[in-house]
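Residue numbering begins at 1 within each chain, and the chains themselves are lettered A, B, C and D in the order written.
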Amino acid sequence: MIDVAVVATAQMPNVRSETRRNEVEMLMPVLQEVRERAGLDRTEIGFTCSGSTDYLSGQAFSFVSTLDGVGPWPPIQESHVEMDGAWALYEAWVKLQLGEVDTALVYSYGKSSPGPLHEVLSRQLDPYHVAPLWPDAISLAALQARALLESGRATEADLAEVACRSRRAALDNPNAQLRWDRSVEEHLAEEPIVDPLRRSDCPPITDGACAVILAAGDRARSLAARPAWIRGIDHRVEPMALGLRDLTTSASTHQAGQRAGVGDGPVDVAELHAPFTHQELILRAALGLDDHGNVNPSGGALAANPVMVAGLTRIAEVAQRILDGEAGRGVAHATSGPCLQQNLVCVLEGDR
Amino acid sequence: MADAAPPGEVLTAPLVIEYPFSRTTGPVIGAFLTGLRERVLLGIRGSDGRVLVPPTEHDPVTGEDLHELVEVGPGGVVETWAWVRHPMPKHPLDRPFAWALVRPDGADVSFLQAVDAGSVDAMSTGMRVQPRWADEREGSILDLACWEPKR
Amino acid sequence: MGKERVAVVGVGQTKHQATRGDVSLAGLVREAAVRALEDAEMTWADVDAVVVGKAPDFFEGVMMPELYLADALGAVGKPLFRVHTAGSVGGSTAIVAAQLVQAGIHERVLTVAFEKQSDSEAMWALSLPIPFQPPMHAGAGGYFAPHVRSYMARSKAPDHIGILVALKDRTNALKNPYAHLHEHDISFDSIKDSIMLWDPIRYAETCPSSDGACAMVLASEAVADAAPGPVAWIHGTAMRSEPTMSADRDPVLPRGGADCARDVFAQAGITNPRRQVDCVEMYVPFSWFEPMWLENLGFAAPGEGWRLVEDGVTQLDGDLPVNMSGGVLSSNPIGASGMLRFAEAALQVRGRAGEHQVDGARTAVGHAYGGGSQFFAMWVVGSDKP
Amino acid sequence: MADLALPPSLQGVEPVRSVRTPARLEYQYTAGEATTRFLRGIEQRRILGERAPGGKVYVPSRGADPQLGVPTSEQVELPAVGTLTSFCVVNVAFYGQGMEIPYTSGLILLDGADLPIMHLIQECPVEDVRIGMRVEGVWVDDDDLAPTLESIRYFRPTGEPDVEVVQPGEGVTW
């Protein structure tokens, strides 16, 4: 395989509601920043790939107008996935494997604020049998949380610990939306909103954007002092129907993690896309990171959860720590679909 | 069409995406919905012998076509559940209720439905439930109004 | 290391029609996928990864429907990928699937594209009004019709060219059992007399709205060498995008389309596409786009494309047959339309196109475009290994 | 699937073949800063384009110069006068339109702009509409001015001589 690395990342500071700017206006500064950080002019990008979904803000073909922010002239080699930006990164990584181009821009954006997010996400579900009931994402996650709690592999205090640690970590993340320093006791004193989940077990609703530049081989070495090399990347999917899955584990994460080589070396940092507290515990188990001490130092999706962006952000967070020399080898994870239906795992590593 | 926002404010306006989607069912989903209209629950036998409900045209693991419809229920068991304290406007019940994965008797998998139990204290994993059928049924998932604790 | 060879070893499609009332959403996509697997003499278990494409999710009202369809497409435990590049999506989806083999990641990739437009309707799903945007006075055709008029003005093409294209494509469709429109009574005059919807575009010069799906199995060289039947080797793939509305772009003969064609022909070693390509399946939703794309893709000089139509060059028995399947003008499940073009090109070089087979076709081009003539995807396939 | 057998309890009943699943989602759409600037101008009968760093003038600007990927921010006021670069004549009633048929939908390149806008052409028989025709905007009454391009009711011929229209790319081999 051709060695491909993340050489620059940029994020929009995550907010509850970006009320002034439309999507292209909100995305443009992020694209500009990531190009500046890589030292690349827009005409030097070999391939561009983005991830977004029409349903979030209610506009068909919304990615078409945001493409203006890239400045695709003269015409560019470009693609778009109706998936989290982590999968856009996957497509760009595949493209770079072909050896025809040696740089790629990956971005994603998500504006959840214009619509009723919980109703919108229910449009993902089985259109015959489930979507007509309009179940919300918190309720689905709560079913999973109860299954985990009743399996005896986690307690409500474990969930609270995840919430408190994540929001505390977010105090050091300028891009985070929710950050505070609260105790497990304070968390447990909250009334549940959908038993057994409390509001603090749930992610915020977020508008955000993220961009990453990939480069191959020597080009990566010329663009970054310490490129974050992608050592392994894989993604797998499960059936959507919750009744067909063991909700207390994540078989697809385990599968992707093994294929990406998570266990082939030390893990200095892991960023797991766990919108709900109990999901971090499920993902840790699936990746063999149960007792790991450095999971989601950014605060993770509990601190900011821009739909379609939060997965790419996990890769960006791990990559930036490697670029900055703070970490040697790290694991990033992205998820999509109800209750961790689809999962991507990416292992990144800096040169020694 | 626009809100009368004061100068300096960015214009905003309502945007409604609404459609009465009409979905053809094919034979298997059609059979399941026909069953609901007739107050019968159907599953289908998977490649490994498990009875799947709702029935799918294909085995969810192997992708192979499935053919053997099986009557299941009418009673069922709650496999996991979540208690909604504040129902949202589009939820199937307007009072606190449970979402649950219910496995009908004779089936090997569960599916998502609402359970009208009155109070969170009435809910437990493993509890027996029975279907509550809608008074007017027209061949849709809403014909199964919800489940209720077995009396 | 560079690109591995990749070939199409299986092709399947549904019967396309206005409403496929006999199948569910899953049933529709499986109809195409199962046929592609059968054509490849493979089973679901043989597939390493699934790549799905479709146009706006609002059509079926299912957000990211590939997640719902994951098990229907046999993707459980496998990578499942979803592409959306507007109208070109069927083509770009096939290219993304091909790249997974070319990169050496997978041996056998199933790619599926679909649209079940009857779940809603095209006039709704494609023109959802967005506040504060300049109003579209006339739907999608109203966007493209002025560009057709510009083409006519620039090329001095006579009015009947669009009629000739529509007549050819609808006649070709009579030889394609999967085509949506089978208009046995079609004639030059019936097209000429159909209502001018968006003058200069007549009703009979526009595409229908269809339910349909298309699927292909793409395989590595080792798998393709062992395939039971003829395969279509991919000689080149290319994609280009440009802005919808920018000062220097030409919406009639867009630079993105020209760049895309030049790229894909260079990969395939084609220096004279008019002579070296045996047949072309291109995305023509309004009849006039055939002469426009002939020029844009380099099959004719600017202003000369319509002469190929008038001279019968693009007829099924012509020197450069175009849209042998009946094209988008005869079947248009939007998300699948691009892949159907790519699949027809593959069928032709495999000698598997049935009654619409071009004799001796060894090199064929598939083309798709989308948005406001701004997203382009193409491939060149051949009977011989590149 | 032809061999699918219904259980005895369902044999002989009318099978379900389709199901209606209506869905309504209510969003609050934000126009964005550039569109707001343009529409606030329209409210005052002013057409405000925006010049990009490369010199191109977009009206309305969507916020980015689509060729450079940078914000357009220098405002340029344009006249409601321009040239018809192309058009189509619409002969059918489309979803949500209450127009008298036939009517003309045109691409109008305002003087000083680098990209045409789409608008209605009226006060001109459809058979007389032609590429290169000079047209001017007809505004609604002051009381009806609103932040929408529909504050210009339509464009009509100015009576000036036609001008030659050359599109970007015309005569160019890319």
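By our rule, a residue touches a chain if its C-beta (ideal position, glycine included) is under 8 Å from a C-beta of that chain, and two chains touch if they have at least 3 such contacts.
Bear in mind that the values here come from a model prediction, so they are computed numbers and not experimental data.
Centre to centre, using CA atoms, which chain is the farthest one from chain D?
Result for max centroid distance from chain D is chain B.
Taking the mean of the CA coordinates per chain, how far is chain B from chain C in Å?
37
In whole angstrom, how far does the Cα centroid of chain B sit from the Cα centroid of chain D?
42
Take the average of all CA coordinates in chain A, do the same for chain B, and state the distance between these two points in whole angstrom.
For chain A versus chain B, the centre distance works out to 29 Å.
Hey, how far is the Cα centre of chain A from the one of chain C, in Å?
The separation of the two C-alpha centroids amounts to 33 Å.
Among the residues of chain D, which ones contact at least 2 other chains?
1, 17-19, 21, 23, 25-33, 35, 39, 62, 65-67, 147-148
Give me the residue numbers in chain A that touch at least two other chains, ranges are fine.
Where chain A meets two or more other chains at a single residue, that happens at 19-21, 58-59, 65, 67-68, 72-73, 114, 119-120, 123, 127-128, 131-132, 239, 241, 244.
I need the residues of chain B touching at least two other chains; which ones are they?
In chain B, 1-2, 10-15, 17, 19, 21-26, 28-29, 33, 57, 60-61, 140-141 touch at least two other chains.
Which category does the touching pattern between chains fall into here: line, ring, star, complete, or other?
Basically all the chains touch each other, so complete.
Mind listing the chain A positions that touch chain C in their complex?
1-2, 48, 53-55, 58-61, 63-65, 67-68, 72-83, 87, 90-91, 94-95, 97-100, 120-121, 123-128, 131, 234-241, 244, 251-252, 255, 336-337, 341-342
Under the touch definition given earlier, write down the residues of chain B that touch chain D in their complex.
Chain B residues touching chain D: 1-2, 7, 9-28, 30-31, 33-35, 37-38, 40, 42, 57, 65, 67-71, 139-141.
Any idea which chain A residues touch chain B in the complex?
19-21, 58-59, 114, 118-119, 127-130, 132-136, 139-140, 142-147, 150, 191-197, 239, 241-244, 247
In the complex formed with chain D, which residues of chain A make contact?
Chain A residues touching chain D: 18-22, 24-25, 28, 31-32, 42, 57-58, 65, 67-73, 114-116, 119-120, 123, 127-128, 131-132.
What does chain D use to touch chain B in their complex?
Against chain B, the touching part of chain D is residues 1, 3-7, 9-10, 13-33, 35-36, 39-40, 146-148.
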